[in-house]
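Below, subunit A partners subunit B and then partners subunit C, in two separate complexes.
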Partner chain A sequence: MRNAADVPVTRRVPRPAQDVVARLVNRSFRYWSLLPAVLIFAALTLYPLLNLMRMSVSTIDFAQGATLWTFTPLRNLEALRADDVLRPAVVNTVVFVVVSVAIEMVLGVALAIGVAGLARAKRWVRTVAILPILVPPVAIGSMWKLMYNYDFGIFNQALVAVGAMPVNWLGSTNIALASVIAVDVWHWVPFVFLILFAAVEGIPPDLLEAAHVDGASRGQTLRLVVLPLLRPAIVVAFLFRTILAFKVFDEVFLLTAGGPGTSTELVNLHLYKVFFEQNRLGYGAMLSLAVIAAIVAFLLVSRRAALAVRT
Partner chain B sequence: MIPNLGFTRMLLAVIALAAAAPSLAQKTFLDVGKQADITVLVGSTPWYPAFEKAVGLYEQQTGNHIKLDVTPFGNILEKARNAVRSGQSPYGLMTLDTQWTIEFYEGGFLSPLTDIDAAFVMPKEVLAYGDSGYWNAQKRWRTADGGKLMAYTVLGNVQLLYFRGDLLKQAGIAPPATWNDVLAACTKLAKPPATYGFVARGEKGNGIRYDWQSVMLAEGAQVVKNPEAGDYTVTINSPQAKAALDLYIELLKRCGPPNFGSLGQGDVIQLLATGKAPLGDVVTAAFASFEDPNKSAVVGKLETAPLPSGAGGARGAVIGNWNAVVPKNAPDAQKKAALAFSRWFLTYDAQRAFAEAGGIPNRSDVYTSDLAKNPKYRWMPAYLETQQFARQELGYAEGAQVEQILGLRLNQALIGEMSSGKALNSAAAEIEALFRKNGRRTGVLAPLPE
Partner chain C sequence: MPIAATASGTRALRAGIPGRVLVALALFAIVGPFLWILTASFKHQIAIYAGQFPFTPTLSNYADVLLGRRSDFAGNIVNSLVVAASSTALALAAGALAAYSLHRFRWPAWVSAGFLGWTLVFHMVPVLTLLGPWYVAFRELGLYDTRAALILTHVTINLPMTVWLLRTFFREIPPEIVEAAHVDGCGPFDAFYRIVLPLALPGLIAAGILAFVFSWNEFPIALTLTSRETATVPVAIARFAQQYEIQHAQMAAASVISTIPAVILMFLGQRFIVSGLTLGAVK
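After this line comes the complex of A and B, so read on.
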């Protein structure tokens, strides 16, 4: 039997250059491994964004089956300045976002706390409450348009049945935006509810019990214990809803198409008309960048505000 | 001498004749030969069911296959744009709203039909529809005069005046011949909220622009002076245009439902179909739905007439047709197949079958056939008469933008956000700025009093 000591040892001669490369490869692997993701990100996000920027400083025409790009940055900026519809669209969008999100937050919080406090049928109520977010926006627009119909809609039929005057829900400049906001609230309150309901359910019962033992009333418990604990979830729901409210399109398009006049014209709707109906690609891109800039500015301000609230 | 045929031979002859009977009955349909399969882009419009039936008949008779990509109105344009701007079009044939065709003609995205087959000739019986199928690249205008044949009309919509003959008779009112007659009649017939006197579209955008322009043309007004000759002087703020707008506003305010400012095509059709309106201005394609007992409470009661004339006796109607076009980037075999279908579709028999299925045929000989005497097709004489004065509007590259400008300003005047004079002045200034920016020879009339 051979001893282990008898086995000839073959030693590798160290090759410094190879080791350095190997070390480098090992060390930088974490970065290389990200490359596919970076490439996909670049292809799907950066390239379209860069292309949008290029479009925004160009006039794009089509001739002989080909695309013709002309560098005209001032022309698109001038179009942005002179756009008469954009001004009411911006005002309406701000009103739409502020009012709809405010109502949705209040109702969402109330609903979450209310449902969480139910002793029975909680799961059933939760399931029913979230149904509106499962309905496609196109179906919602069509459904509410029928309900708002002046002559045949259920709302006016009900009003007439109780002896009241029918309401011009979508045809009056004073009411149309409120009617659209009501649909958005109906659609998205369940979303806020869903986020906050999970947060309410996550509050440790001991805390609520301790507050009760300390003699806090229900109102005090809500104000001093529950709401502060819900704050992170409220911020998340608020940010999501605000961004989505800025981007609202389908419902308004189907309900009013921005009318009557400019009473429900929103920025996204206007953007659609510029891009797809008027086929003004350059100006549409300029308008898109303005919308993106507005949303980014809002996010930055919100972040600061959220930090300030937290501290 | 009659050959002496045995019983078996006689029987065989009878069977052979019986078997051949269906093909003999169909012998007038055009044989286009075996063609490649194609996909046709078509909108889910009120006339789609009739088109689907016509395509089914084509497949049955020829053995060729056509796949229909049925698309909601709002998405057709984008699908068509994507198709022609890509490497190879997925469609052999596309149906486009007349307003969109200019973009495709001018962009060079389509194959002229005679480039696919130099022998292709449009049958002389096919109605002209304002030459919307021809494109004169030099003039940048749709005209047969020096223009290439780029398309043909699949469905030629024009507006008609729909009226309840029974109710007018009861009230002792003759069918209105002028727009002022319409105003007088609707004032008499209106008993809101049970019934309204007159309905037409007031909604912002294409709705009010399209419907109002018929009144505008009847009052002798126009948007642009002479675009065919390159004179883009804006004339929309003329006194005639103001008179037309004031009349239209009066009609809808006095006789329409309270939501006249947001009244769309669906609403107008619904109000007529439910019997809530005895008078209305709607496209021909809506007629079929008024005769459908599942959709209408007024089956057999609505009559049609050409749109009324203006104060000076002029008549106006705007053509809103759908054109079939062949993308330039479609494979050759599909282009040929598309043209083969087109040849078939443009024959008298196919157009008659299309009409019987609820479509609006594009051949004059169908309108002068026995079909027009059938009460089911009682809209045909009014339609044919309208062809004499109906015209294409906004037939220039800026048409879509002009429509949006007009669609907003007219609606604002209708709902009282601004006076009719101010609305037309604003529209004129904006349209003139648009033409000027695009290098057109343009100008504008002196502003109207606001």
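After this line comes the complex of A and C, so read on.
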């Protein structure tokens, strides 16, 4: 539309065509500005959601590059009843979320309060704490897979060095889930720490001075002044951690892929296997819908709870 | 050694010896695993198995991973860079427009609340639930195993963060500035493009960096929508870990390479990472 050669000369005199386009872009901006995002979301979330509903009552086969849909609503329901892995997956997921988030909250809050008193170490800890959050979760998985290795991992090397028996961290049904939770705790304590640290730094110094002048002990100041002031930040950190913990997939996929047996099987891993290892797209769609419904229910409940806590 | 009174009032929380021990432990716990895999990446496979320390460092793992004839890792890096850069650009463009639109124009409540709520829900839902329909749709469209499919899906997972984060930045721009531009004859789009966007540049940079990292790190979508040709870095690392005979040394080297963007960002961006991860709920 624009000829590069004559731009400098005609710059001040808008050409009619250009002018019309510019005016159109501006006049309708109010209406089209939201359009790209809405289109992307409609195509990649709304349409798939509707497709999930169609898939959940169908059986889908791939034959010579074509997809064959058959309407079989009862077959997927029967698959649900016959699914032995689903129950352990749900139980493990709940255990995983509750235990790892609880540990992360306690350690994160303690660390934030502990670091706040250290003038020089502060900046270092804050910088380093970002690292686990930004590193690819897959790299974290492979990192810990090396450290947990039975033959040469650092933990077993240390155990052997002090004369103890090596432990099968990822291969024993009793320990595997705890090992996986430990990785999640390592991964996400820094996140809780960073949220809480910002909140601790934001506490007005006068309040702490006043508590000191009034003769409050360290413990009393913490319990009666600091923790109540941190409550909003604790709620935010808790909600985000709970939801993120439920999304976990990458590290566990690398560490154990759900094994041994079903001892670290999580809902997300199970979904992946149903869809892409067993190729049961219809049944997978039904499970997906159930997961989405559960998340929406959790969001609604937690919104209520968060509002109640704030007032 | 007593700590001198600092300017900030947090000295009332002054940590005693236990506090300092806790912090030292925490620092060590965070950094330790990274040092461990860093040293492993410079060891021969045999040195890893023998648990040798000290050891003679070698670059052979990196050479094998990056230049080896049987390794696609260089191609994986190119794929990751292309996908992350394009999806970030698209997410920023669509996200900035949407965030500004919701902030500036009076949309009916069902549009604005509906849009924001919808993005929030899909930010919270595990992406695994959408992989099935995406897989079917992209296969039917002939986009399975293309970078385009990956770019589109990565835009989708990054849009909620971009919109929510940029909203908090647009809100801080005084409306008088935009109004003054209108008085001077500047159309709504020109005002957005020439005045609001430059003012919101820190927000754009923050959202852009985060979107890039999320796309670079993303694993399950890339795992299911790509095969050998278009696989990204995380998929390649998982392949090392899943081979019948795990290539531990190469896996370590590839993992170290994959953390380079994160290490760079660690020094560049501090505050906005948390605000981005919490959709602007924490500033």
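As a convention for this text, the second predicted complex is superposed on the first by the 265 of 311 C-alpha atoms of A that agree within 3 Å, B and C clash if a C-alpha of one lies under 4 Å from a C-alpha of the other, contacts with A are read in each partner's own complex, and residues count from 1 in each chain.
One rule holds for everything that comes next: contacts are C-beta pairs under 8 Å (C-beta built on N, C-alpha and C of every residue); 3 or more make two chains touch, one makes a residue touch a chain.
Treat the numbers as computed from the prediction; the structure is a model and nothing was measured.
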Do subunit B and subunit C fit side by side on subunit A after the overlay, or clash?
clash
Answer with first, second, both or neither: which of subunit B and subunit C does A:279 touch in the superposed model?
first
Does subunit B (first) or subunit C (second) touch A:111, or do both, or does neither?
second
May I ask you to decide whether A:67 touches subunit B, subunit C, both, or neither, giving the answer as first, second, both or neither?
both
Winner on subunit A touched-residue count between subunit B and subunit C: chain C
Answer with first, second, both or neither: which of subunit B and subunit C does A:151 touch in the superposed model?
both
Selected from 8-16, 26-34, 80-88 or 134-142: the stretch of subunit B that, after superposition, runs into subunit C:
80-88
Touching subunit B and also subunit C: which subunit A residues?
62, 67, 149, 151-152, 276
Mind listing the subunit B positions that touch subunit A in their complex?
77-78, 84-85, 103, 106-109, 193, 203-205, 257-263, 267, 270-271, 274, 276, 328-329, 400-401, 404, 408, 411-412, 414-415, 417, 430, 433, 437
Per the touch rule above, subunit A residues touching subunit B in the complex are 62-67, 75, 82, 84-85, 149-152, 166, 168, 170-173, 176, 256-262, 273, 276-280
What part of subunit C is in contact with subunit A in the complex they form?
3-4, 6, 8-15, 19-20, 22-23, 26-27, 29-31, 33-34, 36-37, 40, 48-51, 93-95, 97-98, 100-102, 105, 107, 111, 115, 118-122, 124-137, 139-140, 152-153, 155-156, 159, 163, 187-190, 192, 213, 216-217, 219-220, 224, 233-234, 237-238, 240-241, 248, 251-252, 254-256, 258-259, 261-263, 265-267, 269-271, 273-274, 277-278, 281-283
Subunit C-facing residues of subunit A, complex
22-23, 25-27, 29-30, 33-34, 36-38, 40-41, 44-49, 51-52, 55, 60, 62, 67, 110-111, 113-119, 121, 124-139, 141-147, 149, 151-152, 154, 157, 186, 189-191, 193-195, 198, 200-201, 203-209, 211-212, 218, 221-222, 226, 233, 236, 240, 243, 246-247, 249-250, 253-254, 267-268, 271-272, 275-276, 281, 284-285, 288-289, 291-292, 295-296, 299
